[in-house]
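The first chain written gets the first letter, and so on, giving A, B, C and D; residue counts start at 1 in each chain.
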Amino acid sequence: MKDIQSQTDKRNIPINKVGVRDIEYPIILDDPEQGKQNSIAKVDMCVDLPHHYRGTHMSRFVEILHHYHKENIVDSLEDLLQEMKEKLNAETAYIQLNFPYFIQKKAPKTGYKSLLSYQCKFNAMLDDNFKLILSVKVPVVLLCPCSKEISKKNAHNQRAYVEVEVRYKELVWIEELVAMVEKSASQEIYTLLKRPDEKYITESSYENPKFVEDVVREVAQKLKKHENIVDFRIQANSNESIHNHIAYAMVRSENFERNL
Amino acid sequence: MKDIQSQTDKRNIPINKVGVRDIEYPIILDDPEQGKQNSIAKVDMCVDLPHHYRGTHMSRFVEILHHYHKENIVDSLEDLLQEMKEKLNAETAYIQLNFPYFIQKKAPKTGYKSLLSYQCKFNAMLDDNFKLILSVKVPVVLLCPCSKEISKKNAHNQRAYVEVEVRYKELVWIEELVAMVEKSASQEIYTLLKRPDEKYITESSYENPKFVEDVVREVAQKLKKHENIVDFRIQANSNESIHNHIAYAMVRSENFERNL
Amino acid sequence: MKDIQSQTDKRNIPINKVGVRDIEYPIILDDPEQGKQNSIAKVDMCVDLPHHYRGTHMSRFVEILHHYHKENIVDSLEDLLQEMKEKLNAETAYIQLNFPYFIQKKAPKTGYKSLLSYQCKFNAMLDDNFKLILSVKVPVVLLCPCSKEISKKNAHNQRAYVEVEVRYKELVWIEELVAMVEKSASQEIYTLLKRPDEKYITESSYENPKFVEDVVREVAQKLKKHENIVDFRIQANSNESIHNHIAYAMVRSENFERNL
Amino acid sequence: MKDIQSQTDKRNIPINKVGVRDIEYPIILDDPEQGKQNSIAKVDMCVDLPHHYRGTHMSRFVEILHHYHKENIVDSLEDLLQEMKEKLNAETAYIQLNFPYFIQKKAPKTGYKSLLSYQCKFNAMLDDNFKLILSVKVPVVLLCPCSKEISKKNAHNQRAYVEVEVRYKELVWIEELVAMVEKSASQEIYTLLKRPDEKYITESSYENPKFVEDVVREVAQKLKKHENIVDFRIQANSNESIHNHIAYAMVRSENFERNL
């Protein structure tokens, strides 16, 4: 059969990225508690395409993903990208995996156990070098310092999502980034809380008011001091209880490039 | 050209609903303040199909919608459904419109004006009779009575969405349903609040703690007393600030049929 | 501490459903090929609440879910609902789980293996009896019979999603429902296809044109003949390639109740 | 009342962006056919925050938006951003508006009229200079050249979304970008097509097969020749009919910066 994709293209326009998106696939992750964790990822895989080829061969992306999905995906990312470069004759290969990662948490007073899901992302590319950005989105409680200051009792508080994206030298665990964010918020979030826990969360968050500006700054301070972190971006999206919109703040290191 | 849709079908299976979904179209609505309001709806239009026809004629739905979209859509719904029945040879015609509706609100202390968007829905059908369900989703503040009771200061509070669906005898304004819900919550929500307003909302919501169970019951009480309301369903979804999940409650009148 | 939820309520309004929604949790499923399959579910859990109680105890839902999540969830559903009824003093308990389920497929000509994800749902309730609805959403190719008939060559074709919901006497496998739908469409969908496979899919779908009306009728015929199926609903949503909207058809058995 | 936001911050971390997101507001747009068009936008507004301030004043964003929403929004963007800089003491102000824009189309053979909605975006910033990126997402038909070549009859085809983002010297109309994309695809998409139109679309798309790679290259060629276009990015996402995932291609000009 004729290979239309390999035809010569004369429009003289190289394509920055071409590939497949939104493939749902099971993956396996390292888990410091349980050894490994099963998850399910939405996967995007792309390569560059030189100006003289008409098209890429989309089925090869899926073949490569199918080959690697039973191995620990983080350890395999560089090999996987190398195989993409080879099988697709590309200079640069990209992969992005979006997946939930579960951490077991104990309620702060009663110790009841439950799981909390954190939405994570690996953004990796390989040209001559391998680059990886790990992203973790952490749900937290934020209690408004202004509302506390001006009101006799109480303060409006709400669920916020703080996303941390980092490029690192040595592997940083998801758990470490999660802890950094949770300690920078008014309080952390749990799936299971009994009344003594609810009392504790309510009272301690009142002692710990934080704007979105505060939480991104505090995480930034920790990341700047961290010897393994090369670059970072921190975004806080707070679903304000008294508005129907989001309060937002973002800090990034100078060399953080949003797109790998 | 051959009309494949009008071919005889021998499988002897009538089709309950067939039509088009997710058509985005501009619509015009009554607005008691401004006279009329422009909005944009996602529209679903369906009819039943007797067992002996192979298919319906999908383009006719769009023709009819295009014809009516420049008129006040609520006043036109029965005529529009009648035209669907005729042009598509159907016994029953259904239309659903999902759209945002804006209400101007004044901040409770400073009087600053801003608009708040409420997601609304018309669910109408025509067989021998015309039936219409109006649905309004209202964002509100809920402050937890348990958290207030057990904690020295403060109480966790959050944004919740209360959806009210009603079948009525005489037209009920969206504004009336919105007010009913907002008065049943810990506090209402505004797009624009200055500091004196924020102080007021924070303090008054603390004086007015409400579970999801409370808010659906209070709206139900008001709807039961309302002489124009025939049937209703009320659902509250509260985006808990201390959890990453939703607290939910629902009350419906005995004869409320979810699907027209 | 005071138990606010157990306070007497005097508004005299029983609540139809109250509980928690959108809890993300890992689950374990039977898999006829591999023995078991790990998945991740969005979970809703509700009970009814008599008029004399002010509130339910939301944390108990999570405790029960945490207890059962390491067991095969389908085998446990009735016990789990029984425990919900007991721990929450309810007459009726409800659970809904939404999750992706992976099936390994072989490309039709080359035999290349890949996984395809099917979005599934268990909707279970327990009052005096246990009721369960299994739902599977199957992506397929639909090729338009009208477009084929009136055009010299080619016919417009597109990805459609056919959702089948069934109540059964004896367990029906997800795989069986998937096969029923895939055989009723113009062609099935694969994650990995090489050129001989693509040629086969293109040519065979052209020999097998189907409206949304056809596919729901053909699945209905199979379900009506199936001795284990008590009730069903079939919905087809076709993302038309020549429009920016959906073509839709639905058939349900007479006693199918949408809400358990 | 105390102004907590204006307190001095000693953490020495400037914040790149802080503001409000997901505010739904009515807007008014130029329309070359009708003079003006009403739409509804999701709005994000941000500023930078120097290291010495603890927080920004979120309510001022909404005040400014409310002031400008009744004017033609495109003509007002620079003034609006200037007012943000002043009222929020910022060096840089950002606004993003996401909105649907309707264009009336005539069916290619019968001339039947209907509206098609295009999702658009303005991304504007003001530091010392004003920068604006206009983005338009165009739904089109793509018919696979490989599938056509290897199959006896027919070819798989599907709905794809092509997003074009441009920075321009002189105003470029949304209509012009839409036409550029529609002429680069296998065929354009309509909300209303009668049978002679469907025949034409089916046959002409078969004569005009296009990969995602082809369509982004052809739009790139047109944009490179266009004297008003300074920078651009083109992305095609094709919802493959034979897969459950997306085929993707992207080309950008060398200086296109994704984030204003």
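Everything that follows uses one rule, which is that contacts are C-beta pairs under 8 Å (C-beta built on N, C-alpha and C of every residue); 3 or more make two chains touch, one makes a residue touch a chain.
All of these numbers come straight from a predicted model, not from anything done at the bench.
*Asks:* By CA centroid distance, what chain is farthest from chain D?
*Replies:* Between chain D and the rest, the longest centre separation is with C.
*Asks:* Determine which of the two chain pairs, A-B or B-D, is joined by the larger number of C-beta pairs in contact.
*Replies:* Looking at A-B and B-D side by side, A-B shows more C-beta contacts.
*Asks:* Using mean CA coordinates as chain centres, what's the gap between chain B and chain C in Å?
*Replies:* About 25 Å, centre to centre.
*Asks:* Report the inter-chain centroid distance for chain A and chain B in whole angstrom, where each centroid is the mean of the CA atoms.
*Replies:* Chain centroid spacing, chain A to chain B, equals 35 Å.
*Asks:* For chain B and chain D, let me know how many angstrom lie between their CA-based centres, rounded off.
*Replies:* Comparing mean C-alpha positions, chain D is 29 Å from chain B.
*Asks:* Among the residues of chain C, which ones contact at least 2 other chains?
*Replies:* In chain C, residues 1, 23-24, 117, 146, 150, 191, 193, 195, 199, 244-245 touch at least two other chains, as defined above.
*Asks:* Would you pull the chain C residues touching chain A in the complex into a rising list?
*Replies:* Checking each residue of chain C against chain A gives 1, 3, 23-26, 38-40, 59, 62-63, 66, 69, 100, 102, 112-115, 117, 191-196, 199.
*Asks:* Touching residues of chain A toward chain D in the complex: what are they?
*Replies:* Listed in rising order, the residues of chain A that touch chain D are 1-2, 4-5, 9, 11, 13-24, 44, 46, 49, 54-56, 58, 145-146, 149-150, 211-214, 216-218, 220-221, 237, 244-252, 258-259.
*Asks:* Spell out the residues on chain C that touch chain D in their complex, using ranges where they run on.
*Replies:* Within the complex, chain C contacts chain D at residues 116-117, 139, 141, 143, 146-147, 150-159, 187, 189-191, 193, 195, 198-199, 201-203, 205-206, 239-245.
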